[in-house]
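Chain IDs A, B, C, D and E follow the sequence of writing; residue 1 opens each chain.
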């Protein structure tokens, strides 16, 4: 999994019918220090993530292993909202303080 | 999923039989600002996308989770046509205006 | 899927038994203008592609969705021979003329 | 599989329910000489890896082939702790000496 | 599939139990001219490859389609030992001569 920040939304009315009701969020990819890498990903939201939140997302077939994405043509899913990220003994992100 | 713009078509008569009837479109990959990245992808069309439209495409096994691609040797599918893309509070793309 | 040109062959006698009879071709990856990118891929041939032909290949689990590759340890397959590629209103490749 | 060093932990309370109890570790990716590449990955821990240990991790659908990750939305798993890595006749890493 | 040269071994005693008995080899990735690219991969050995040999390896779910890797958390497998590689009419590698 990689880290991303929720930065936007994508609306589509003409799509594969099985995707009805699925919410697509736009993520900016983050590096291990929670800095933006320049990359992005559009992912289905399985956890009710909000704008600005730092999340963990999974890609590939793993993206279909949630209730909302099961058997849907979806290759990226937000499966967790990050509360705390600690790297090399340093707190890189603390949702309680960031929030 | 990533964003792409439909820029062309690919015709093939000699192919795996299960692919008969599947439409292949050529996509230029777009970044989060809807600018071309230089990359491309050939994807099956599951939604009736047209030339010039901005679409969302899925890769990997997700590309087989549509009615037209089920169990076919296809690793990329257009599964949604983008109506509106909003990033960091800015409308990056609005199909109503672009169209 | 991506575009490739068939440039060579690979012979192996010691291999996973399920691969017996499968033909491995060497592909140079092509960009959207049918120019070589510097990358390559060895792929199973599901369509009887010949040296010099421009083909479409699929990777990942999609590569096992053909009769010859089903349930084999193969992550790339040539699933279509390209007849015509049109991008931005320009014919980038026409097999009838190239041949 | 690729090599990584366990450098941190990630805590999430709001996540896909099936992920409850799964431990997420932060890995810095290593090259063949066990030097950091600048990349990272968050992976589920299937083997009880500790901070500082060099591990082997698998990505994609392989990441769900362990008891703790089976059918969960997880695309990276630590499936082995490295004891000894020998490349070109040289010991690149020996856990007994490193530990 | 891509080409690699077997350059080393990896030993692990603490690992997912299903991996017991599987041999992990270290591969340096090769380009189409059989030159090293700087990349590497640790792969399970399904064919009894030896140090120095040039092999073909598959990644992703394909890596589980061999007898030794079936349903194991393994995302790379050596599935063939290369005897002969011919590209653009030139023999790039001939095991009989190299050996």
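As a convention for this text, contacts are C-beta pairs under 8 Å (C-beta built on N, C-alpha and C of every residue); 3 or more make two chains touch, one makes a residue touch a chain.
Since this is a predicted model, take the numbers as computed values, not measurements.
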item	value
For subunit B and subunit D, chains touching each	A
Self-contact between copies subunit A and subunit B, residue sets same or different by half	different
Intercentroid distance (Cα basis), subunit C paired with subunit B, Å	21
Where subunit A and subunit C are represented by their mean Cα positions, the distance between them in whole Å	33
Junction residues of subunit D - those touching two or more other chains	59-61, 63-64
Chain-level touch network, classified as line, ring, star, complete or other	ring
Order around the closed ring of chains, commencing at subunit A, then subunit D	A, D, E, C, B
Sites on subunit C touched by subunit B in the complex	1-3, 31-32, 46-48, 56, 58-67, 69, 77, 79-88, 92
Residue numbers on subunit D that touch subunit A, as the complex places them	7-16, 18-19, 24, 26, 28, 40-43, 59-61, 63-64, 71-76
